[in-house]
Amino acid sequence: MNAPEKIETFRHIGTRPVRPDGVDKVTGKALYGTDFKAPGMLWGAILRSPHPHARILSIDTRAAEKLAGVKAVATGKDLPTLESLVMHVGEGASDIVDISHNCLAFDKVLYEGHPVAAVAAITPELAREAAALISVEYEVLPHVLGLEEALADDAPLIREPAKGGTGETPSNVAMDVTMGRGEVEAALSGAAVVVEGRYTMEPVHQGYIEPHACVASWNGDGQAQIWCSSQGHFMVRSLTASVLAIPQSDIRVTPLEIGGGFGGKTTVYLEPVAMILSRKSGRPVRLGMSREDVFRATGPAPGAIIDVRLGADADGTLVAAEVTFKYHSGAFAANDAGAGVSSAIGHYRIANTRVSGIEVLCNRPAAKAYRAPGAPQVNFAVESAMDELAIRLGMDPLELRMKNAARPGDLQTSGLPWGEIGWMQCLEAAKAHPHWSAPLGPNQGRGIAGGYWGNYGGPSTVNLSVAEDGTFTVATGSPDIGGSRASMAIMAAEVLEVPYEQVRCVVADTSSIGLSFVTGGSRTTFATGMATVEAAREVKRLLCERAARTWQVPAQHVEWRDGHAVCTSGERQGSKMSAAQVAGSSLHSGGPVTATSALSAQGWLPGFGFHICDVEVDQETGHVSIVRYTAVQDVGRAIHADYVEGQIQGGVAQGIGWALNETYIYNKDGKLENPGFLDYRMPVASDMPMIDTVMVEVPNPVHPYGVKGVGEVPIVPPLAAVANAVRAATGKRMRSLPMSPDKVHAALHGEG
Amino acid sequence: MSASPLRIVIMPPFDKEFFGAERLSLDAGNLFELIEKLDAQGPGFAKIARARVHLAVDGVLETDWTRPLADVREVIVLPRVGGG
Amino acid sequence: MNRIHVNSTINGDVTEFLCDPGASLLDVLRDTLHLTGSKEGCGSGDCGACTVELDGEMVCSCLVLAAEAEGRTVATIEGVAEGSVLHPVQQKFLEHAALQCGFCTPGFIVAAKSLLDRNPNPTETEVRYWLAGNLCRCTGYDKIVRAVMDAAAELRQERTAA
Amino acid sequence: MPSPAFHAPDTVEGVVALLSGDPTARPLGGGTDLIVQMRSGRIAPGAVVDLKRIAALSGVRREGDVFVIGAATRCTALKDNADLCAAWPGVVEAANLIGSVQVRNRATMAGNLCNASPAADSVPALVAAGATCVVAGPAGTREVAVQDIPVSPGKTSLASGEFVVEFRLPARGARAGDAYLRSIPRTEMDIAVVGVGANLDLDAEGTCTAARIALGAVAPTVVLVEAAGAALVGTKLDDGALSAMVEAVTAACAPIDDKRGTVAYRKAMAGVLAKRTVQIAAERAGAKA
């Protein structure tokens, strides 16, 4: 063997090749959920509740059924009665009874926009017309939207009290999680400095640009096909089958390209309804949402009320932290409180902690995961309090964080020790970054914040097959939202030591590949990547074995080098066969070469990020402009550097939107006032600066290439980073989001 | 089988919800068997375990419940939190 | 329902279609002509995913009645590349990874091309304001703006060379 | 939801005939409000009458010192007329703050006016400019001050069969300038929380000889604040005059709390923006000498 001449360890890892699905996407050829049409397809429409809370007394569908061209009408009564079953499809647990009742209301509507009935007709116009002809008699019930209002003794109950009774007083509390250790009160009373504050925000939406849509075709023999975009077509299969009480293998879900999800496409809203309409009509049925439907009826992230108390010694050592929060659960039980508890204060070493959160049912759409679900809200409170603590202590806020930062082996809030986390390295990189010491202009302020997200692993299946010409196809069960086909191809090409273009990656349907959890939890590059590497290693082994048998040498004499099987000893030493040569003769050496890896990936590690934000505040108008932003993140190891940076930049932009302008606005009648992109104000290009990213690489020792999930972390710190920057620019602490111009103006000029 | 019984630490809400205790001592060959035994003490626990429970073996999350527990000292039962 | 017969030139091809008088140009492009590259993200002109050029000016096709297209020319994302040869804006979007989910991408590319057809040397601020009618939720716009600036540079070079 | 009929006549008379024949019929300029409202079901006109096939209604022309802007002229086309931009930069800018480039490539000032939203961006600038519009109807044509068109949110003073044919912007003095500013939460793609148009004439010494200040989104319709203009006339726009002007502006505000802003914020912004707008207009007036 020659002396190692290469400095870089990797052939492909960390490079930036063009994604395999790129040309389709820049030319408009790619088929998304909203683009698919089936021959003979009918168009569906959904009638939604105008009331935030009402009992359904009767539904008269006769006029709709009589309309020429209408082929099916469905209501909640068409869905089977189910027994409670909590299912986990990779993104928090949900009870299928709730999912069913959210698809079509059963006896009560629980939020404005709750689906009540659906129709299928030969044109979209007819379907809408027919839906409008359905007459629903409601008994309007008192509604409740606010967290404290929903917790009041006389609040309307969203969930009917359980039959038989549990002995507990019925309430709107859907989930209650507490973790911690030590003696919080004693430590706080002994602390040199204590800061406390209440932080609040209304729900925000994931804001994916593609509205939900699907086509379902359910035949009389029970077999069905669904074409849709989602964060997990296996999730669509299992939830749809469970809601309809049919076998999973009777449904084949074909994933279409997905136009953004951010956690919001990890459940089913339309698919079971489209299935019912298809079964009734005998034809494929398309259902889609309008943008208004998306805002009114799909999962926002919960709003929150968060109380924080932090105590520190005079030298800045944190001695106690107490975080108590309430999250909107919406109409059904949501999950964010659990992650909220574990994402609040675990990034600091604190001996005495108590973190406690509840989910509160109310007459809003059921909260759904949104990028690091439950974490940005508590982080906003804790990192704002840290800023205040630094001011009170007269300490540099970055030094305060460095002094208290958790290291590997320190305990998380759950009591488990942290593994190989790169939090300290992020803080050091930020301190060394020119942004940290750059001068500021007039009316400008700099804020910082750090945060983390636990990430996830879980089940993924990958099939790697070799074509007769020695090219490779990776088939995964993981929808590609942000370039994961490129990442899989990179990892497979790395293992196989072949050019990137020699490996192509596709997302296979539920009948063509094994179970894979949703693309969520920042798990795909980690878990599906692990399966890809395992499958590639097995294919490499098979190719070497075929070569060994061809050469009639022991298998251990053949190694894979530089994309070739090479005989390393014996008579045939130095013989080489390319992948094409082995694969070309594979039909005469035992058959096609292919390998499947199905695994439940373990050993995932959390990601940590640290952000620096400069704002400029117009003191007269209260407008906040983001003038510079730097995001530092431990990414484990970047597989496709561009898409890692892209994840960070996208998360930051969403966080900035959350911080500055995005918010749900309900009126007193419980109706959403801003169900569109005009008044639900997501950042536009002119609102944003370039976002500098610094990728810190502290590899995950468990992953073959060191991957840590990267997608969710970057939305965690921006809320506090912006608020802390506004504080620095104006002297005002903004504890209520969004920091819209009117609120900043009021803070500066003392109104309201 | 481990030489001495396993220390089982039950985190909220499962302590109150099922067991009325924060610590238990049990013998189990693997995590499936452990859940069976926990179900005997807290009926209904097995049914919710897959959706709501994470198990940590000597401080590290373990999703493979066939993992043998010989030489293991402690299993923590903690709530499974959502991903994103 | 009185359907209207419309003649227009779409991506250079003389195209006839029948439409409901209330149908949007986007409805006809997507559902009648099967040109699904233009996307509907909002239906109210707030996201730009349906951006096309009408008589050379970029518009939201969801805010144009299909009947208005009579005698006019329409250019959609499907006509931006010349055969298999990508337009520099398309090529730079790929090279800069200026897309993640890709749903907003067709609208951005039509809008960016429209900018560069008029202004070969835009500043970053001009690019950002020109593209303010196109929402992207994935990228934070950073790589999109870089791709457009780089495409502008390449187009300038092509013009100098020509 | 029956579909409307679609007409694209090529004469003004043809439009009047169609609008007169169906009181629910609506003229279609750029459609950026009309089509959204139709598709959301908020309105269901029996017919839509496209104005863009009438050549005379599109484009900017001069009649002596007066600028005439056809009702079907898209906002971005205003920027192509250098004389208009030089004379009335505030009007051109206001029209080019509406929506996005895509929207402005369709939207017209006539549509912006006749949609009768109190927050329409181009309207305060037109009112400050003293613009009039020519209205065609069954009884012939009449000229109306722009501020007399909207009567309440969503309602205009136009009679059945009438529609706006063109705007007329008056002759400009040698030292005159206008400007428009608005407050929005983002930098683009928003509806004005408050909008302020200002139009000033100065004499050779820099003394203000005429001033018109108009406010958007602070009342059910655009407000021409005559007291604010009066506070400036005869002054050199010193701090005292500006303060008096701001006071008059604030006093003229009668806004509501809604999803886009609070009463307190709107009042405060009207003052802040009025001052800034007047300063820009003054600079433009001075720079033209």
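For the reader, a short list of remarks on this structure follows.
All chains are identified by letter, namely A, B, C and D, in their written order; residue positions are counted from 1 within each chain.
Quick note on the criterion: contacts are C-beta pairs under 8 Å (C-beta built on N, C-alpha and C of every residue); 3 or more make two chains touch, one makes a residue touch a chain.
As the structure is a computational prediction, the values presented were derived from the model and not from experiment.
In terms of their C-alpha centroids, the spacing between chain B and chain C amounts to 56 Å. Centroids of chain A and chain D (each the mean of its C-alpha atoms) stand 44 Å apart. Rounded to whole angstrom, the centroid-to-centroid distance between chain C and chain D, based on C-alpha atoms, equals 29 Å.
Touching two or more other chains at once are residues 20, 43-44, 46, 129, 132-134 of chain C. Across the assembly, chain D contributes residues 3, 40, 187-189 that each touch 2 or more other chains. In chain A, 125, 677-678, 683-684, 686 are the positions where the chain touches two or more neighbouring chains simultaneously. Chain contact topology: the protein chains form a pattern that is neither a line, a ring, a star nor a complete graph. Remark: the chains found to touch one another pair up as A-B, A-C, A-D, C-D.
Taken together, the chain A residues at the contact with chain C in this complex read 16, 18-19, 21-23, 25-32, 34-35, 37, 124-125, 206-211, 257-262, 290-291, 481-483, 640, 642-643, 645-647, 649-654, 676-678, 682-686, 688, 690-691.
By the touch rule above, chain B contacts chain A in their complex via residues 9, 11-13, 48, 50-52, 56, 59-64, 76, 78-84.
Looking at the complex, you find that chain A touches chain B at residues 86-88, 90-93, 176-179, 263, 335-336, 338-339, 341-342, 369-374, 414-417, 419, 453-458, 518, 520-523, 600, 602, 711-712. Across the interface of their complex, chain A is touched by residues 20, 30-31, 34-44, 46-47, 49, 76-78, 80-81, 86, 90, 93-97, 99-106, 109, 124-125, 127-129, 131-146 of chain C. Taken together, the chain D residues at the contact with chain A in this complex read 1, 3, 40, 183, 185-191, 193, 259-262, 264-265, 268-269, 272.
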